[in-house]
Amino acid sequence: MGIVQPIATRRSATGILTGKLAVWWLIGSEIVIFGGLLASYIMMRLLHGDWANEAEHTNVVIGATNTFVLLTSSLFVVLSHYWAEKGDRDKAFKYMWLTILGGALFLCFKSYEWTHEIAQGYTISKSLFWSFYYVAAGIHGLHIIGGVVIMAFISFDLKKGKNMHRAELIGLYWHFVDIVWIFLFPLLYIAK
Amino acid sequence: MNFLIEQASSFAADIDGLIIIIAVLAGFWFFVAEFVLFYFIFKYSRKNQAQSEYITGEEPELVKWVHWPHIAVLVCDIVIIFFAVKVWYNVKQDFPQPDETIRVVGYQWSWKFVHPGADKQLGTEDDIEMIDELHLKVNTTYHFKLESEDVMHSFSIPVFRLKQDAVPGRVITGWFKPIKTGQYDIQCAEMCGIGHGIMGSQLYVESEEDHNKWIQSVNGQGETLSQVQ
Amino acid sequence: MSNDHDHHEQSIWEKYIFSVDHKVIGMQYLFTGMLMALIGGFFVYVFRMQLAFPGAEVLGWGIVNSAEYNALVTNHGSIMIFWVAMPVLIAAFGNFLIPLMIGCDDMVFPRLNRLSYQIFLISALVLIASFFVQGGGFGGAWTAYPPLSANANYNLTPWGSILWLVAVALEFVAFLMGGINFITTLMNSRAPGMKMYDIPIVVWMIVLASILFMASVGPLIAGAIMLLLDQTMSIGFFDPAKGGDPVLWQHLFWFFGHPEVYVVLLPAMGIVAEVMTTFSRKKLFAYKTVLNTAIATGILSFFVWAHHQFVSGIDPRMANIFTVTTVIISIPIAEMCFVYIATLYKGSIEFTTAMLFALAFLVEFLLGGVTGIFLGASGSDIYFHDTYFVLAHFHYTFVPIAIISVFAAIYYWYPKMFGRLMNETLGKIHFWGTVISFNIIFIPLFILGASGQHRRIYNYENFPQLATDGMQNLRVVATMGLIAMLVSQIPFLYNFVTSWKKGKIAGNNPWKANTLEWVATSPAPHGNFKELPTCYRGPYEYGKMEGRKDDYWPQNEES
Amino acid sequence: MSAGSSPKKYVKVWFLLLVLFAISVIGPAFEIRWLTLITAFGIAGVKAFVVAKEFMHLNVEKKIVSYMLGSMFLACVLFYFGVAGDVMNSKGQHWEKKVYKVEKTKASH
């Protein structure tokens, strides 16, 4: 049943594209969710000095490489948006898939990291630090998976030159997920 | 207007005074607003006024009628805040020196009270532990150390106007000074499971000699599991 | 530009069950909300009978034991707020009114709109399922304070508490998605010529409510995930033995909780503004003041949350800050009420049922607002916290919000929804039955609360000071008032169903109102308008205007 | 929405981010508390701003978007300062937390 796009979607009283406005509001709601979680973590962290001993066992090397991977994939998604804006389908498609590769790489490193930590006994119920660690990094990981899946769909549209503006929309989301990781990395890994 | 129940603790009168202040100030504005509302409803019904007037609400002489009451409400609010903070400070922040200290422990579905016993020292072996029964001496300032063993409970004595939640993992200190002898209710004011309704305890405020007589009578017997009436 | 919208005849399946039309989705929310209201109403009937006649068998339920009592009380609260007030006030009227009133054909994301209703429906089903699992429904109060809500051997409802939490979390997701749709539609899809101050107040209020909801629900979603892990894997975020802190949940909950009550208040004030201006034929008094006070209330509502926790273990010094902000927030609300009352000045009021309900909202809500100051002032809250005084206060705000203003909206927009007018005499019977019995219920509860009766207690015979005859009679009176209120809903339901086919034909603009939804035919077709309207003036041009015969001037008329 | 002048600009911004990232990793290695705070957390804030401004084009976006995102962030800050007093402290006015013996696993250096 083909859904005709309502005229409402094409109107733009604020001058901002409707799709982009919705993504900004989505990012706004995500800021408050991650913000609430990290605020709770920071408070508990300041109370429990002994969590520093627990945090010793996080793998800073993998955390750092993951930060590098996400920063690079942020670069690729903005290039994909740049070429989509110019209308160059192939380049937009290529950089979108490089971004997806970055996301996938991030997930591989994370799963490697987690399997080893769990193997050494640092499970989610070992201590409250690890509970916050797995909840925060877990929700962030789910957002990475969601982003990667959506980027795959959008890349096929880009190939056909359809809905090119969506490259920017998923780019905004991806940059936000990268910013969340930029705050997660020091909080979970560095604070020793 | 002793609309509320009797005042059996030293700060009960302060809290009741605050309630009366708020009742007067808030009640005044309530009746003014309701009167004006009903007056407009009857005066400007379609029977009395066939044609309505075009009023934007920016006309200065009309805005005046909304603006000044608005300022007056602000002044009333500031008065209420002043008295509220004063009462709060006296009850919850600035504690007088205690004559005696008791321990109150809430657990799923009873209250345990630890009286200091004859030597007025907690932690000595002559302490008296009572379940669901608190015996106090009138006109003595008590500090209570409130804690909970499992879920959130709330130690509440309506006649004292006293309420403080027992938070598991915390020891919270409060104070009261009974000024009237008698037998009163203690209630749990925070949902704590299926037994929340049967967590009532009895408070006995006794005179000097009755209280000492009570201490002798239970001396050393420790917990007396009195049945809840 | 002509609106080439509907092109092929949709099947019943497409048209009603899987519809993407904002009006049909609005109706789905409305009917789900009304059904849940019946369930919530049944719960309150059962536990009020237990309170009035302790231990007696309740017709339609049997003996009420304390676990059932707690589950009934908890889920009455949760249903009435999350599954009746929010869906009906924000989602049903938001979906139905926003596109019509800003002159566009649909929400910007029709499929996201359908998906948010479907997730909402799943959340309602999950909640209902939580009553039939082993251990029964969750019984730890709608605020779900841990460790009671987090630990199954404390609350004895192992599955009930998990399902309750999942249902509430799903409902948050549904309203986040719905909120994004509402906000983007209002920001971008307004009719040409509709400037910021030409938007009807109800649309402003519903969108402001969505923004408040989105900004305040975030921490609680994180909190819900933490509580869910506490419940399922006994992690210990809120368990002091494992280093957690139960007070953290209270803050997470009430940081959302208080903006939430303004999230449901604002749409109700919006509905009252629309209905009142139409039936008093009067321009809204100082439109900008109403809008500014609504925004001020919204912002201030983020600074007041700990007045729910004065005696619940927060640091006493914090209480002073929150009592100041709480009493100050009564200023913008008082201003808004004064301005609403001023709107009636020199009006020509026609007492239709919708208008009666709108006026009753103002009359009742004033008492609700005024009694809130006793609880916002920290000193008196020491006594009143968690007593029936608090319960009577928030019913004097919630019932006008979720029941009285919703009835005003239904009687007012029913012609636009179904093309026919509801019967006025049945409406008047329903009005007086509801409003009088509402007061009979809650005035006694104020008195009971002031004499120290605490909430959620299953049987007051355990407390000699509360088991006096005088107080027990007040409980019986309140229960009789409740039964009268439930019975007086029958004329409404009968009226609602029969007027569908037998009501007077309404035509496009039965009430001679200005806003754009009355330009469309009733009921409005898919795509709303044959010609998408242009807006030339504000929505409240009522009253004698020189050079005009009528006392109203629709927004879309050129001259 | 012009996507900026040329891809070169983005690569330069990316490089700047890498430099900041390097500092934020090296800084804490010195184990000096205040240095760690500045490098790890301060630089994280700077990186977030760079990504928001350059990559998300917030500098050319309509002002209302930045106000909205900023107010959401302020809601979190407000939540933090409203709640920290109770959760972060082990004792306060007339209350203290009963510290449970959470089994402290000494880090094996």
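Order of writing sets the labels: A, B, C and D. Residues in every chain begin at 1.
Everything that follows uses one rule, which is that a residue touches a chain if its C-beta (ideal position, glycine included) is under 8 Å from a C-beta of that chain, and two chains touch if they have at least 3 such contacts.
A quick note: this is a predicted structure, and the numbers were derived from the prediction, not measured.
Visitor: Can you name the chain that lies farthest from chain D, using the mean of each chain's Cα atoms as its centre?
Guide: For chain D, the chain whose C-alpha mean is farthest off is B.
Visitor: Which integer distance in Å separates the CA centroid of chain A from that of chain D?
Guide: 15
Visitor: What whole-number Å value describes the gap between the mean CA coordinates of chain A and chain B?
Guide: Spacing between the chain centres: roughly 49 Å.
Visitor: I'd like to verify one number: the distance from the centre of chain A to the centre of chain C, where each centre is the average of its C-alpha atoms, in whole angstrom.
Guide: 35
Visitor: Centroid of chain B to centroid of chain D, CA atoms only: how many Å?
Guide: The answer is 43 Å.
Visitor: Which chain A residues sit where two or more other chains touch them?
Guide: Correct list: 14, 16, 25, 28-29, 31-32, 35-36, 39-40, 43-44, 47-48, 127-128.
Visitor: Would you pick out the residues of chain C that each touch at least 2 other chains?
Guide: Residues 215-216, 218-219, 240-243, 245, 247-248, 252, 255, 313, 316-317.
Visitor: What positions in chain B touch 2 or more of the other chains?
Guide: 92-93, 167, 169-170, 172
Visitor: Give every touching pair of chains, nothing left out.
Guide: Listed by label, chains in contact pair as A-C, A-D, B-C, B-D, C-D.
Visitor: Could you list, by residue number, the parts of chain C that touch chain A in their complex?
Guide: Going through chain C, the ones touching chain A are 1, 3, 5, 7, 10, 14, 20, 99, 104-111, 176, 179-181, 183-185, 187-190, 194, 214-223, 225-226, 229, 233-237, 242-245, 248, 252, 255, 527, 532.
Visitor: Okay, in this complex, where on chain B does chain C touch?
Guide: Residues in contact with chain C: 3-5, 14-15, 18-19, 22-23, 26-27, 29-30, 33-34, 36-38, 40-41, 44-46, 49-58, 62-63, 65-66, 69-70, 73-74, 77, 80-81, 83-89, 91-93, 108, 150-152, 154, 156, 158-159, 161-165, 167-170, 172, 183-185, 187-198, 200, 228-229.
Visitor: Can you name the residues of chain C that touch chain B in the complex?
Guide: Residues in contact with chain B: 65-67, 69-70, 74, 139-141, 143, 145, 147-148, 151, 154-156, 240-241, 245-247, 280-287, 289, 310-313, 316-317, 319-320, 323-324, 327-328, 330-331, 334-335, 337-339, 341-351, 359, 362-363, 366-367, 370-371, 373-374, 377-380, 382-383, 385-387, 450-452, 454-459, 462-466, 541-545, 551.
Visitor: Give every residue of chain C touching chain D within the complex, in rising order.
Guide: 215-216, 218-219, 240-243, 245, 247-248, 251-252, 255, 302-303, 305-306, 313-318
Visitor: Touching chain C in the complex: which residues of chain D?
Guide: Against chain C, the touching part of chain D is residues 71-72, 75-76, 78-79, 82-83, 85-87, 89, 92-95, 97-98, 100, 102.
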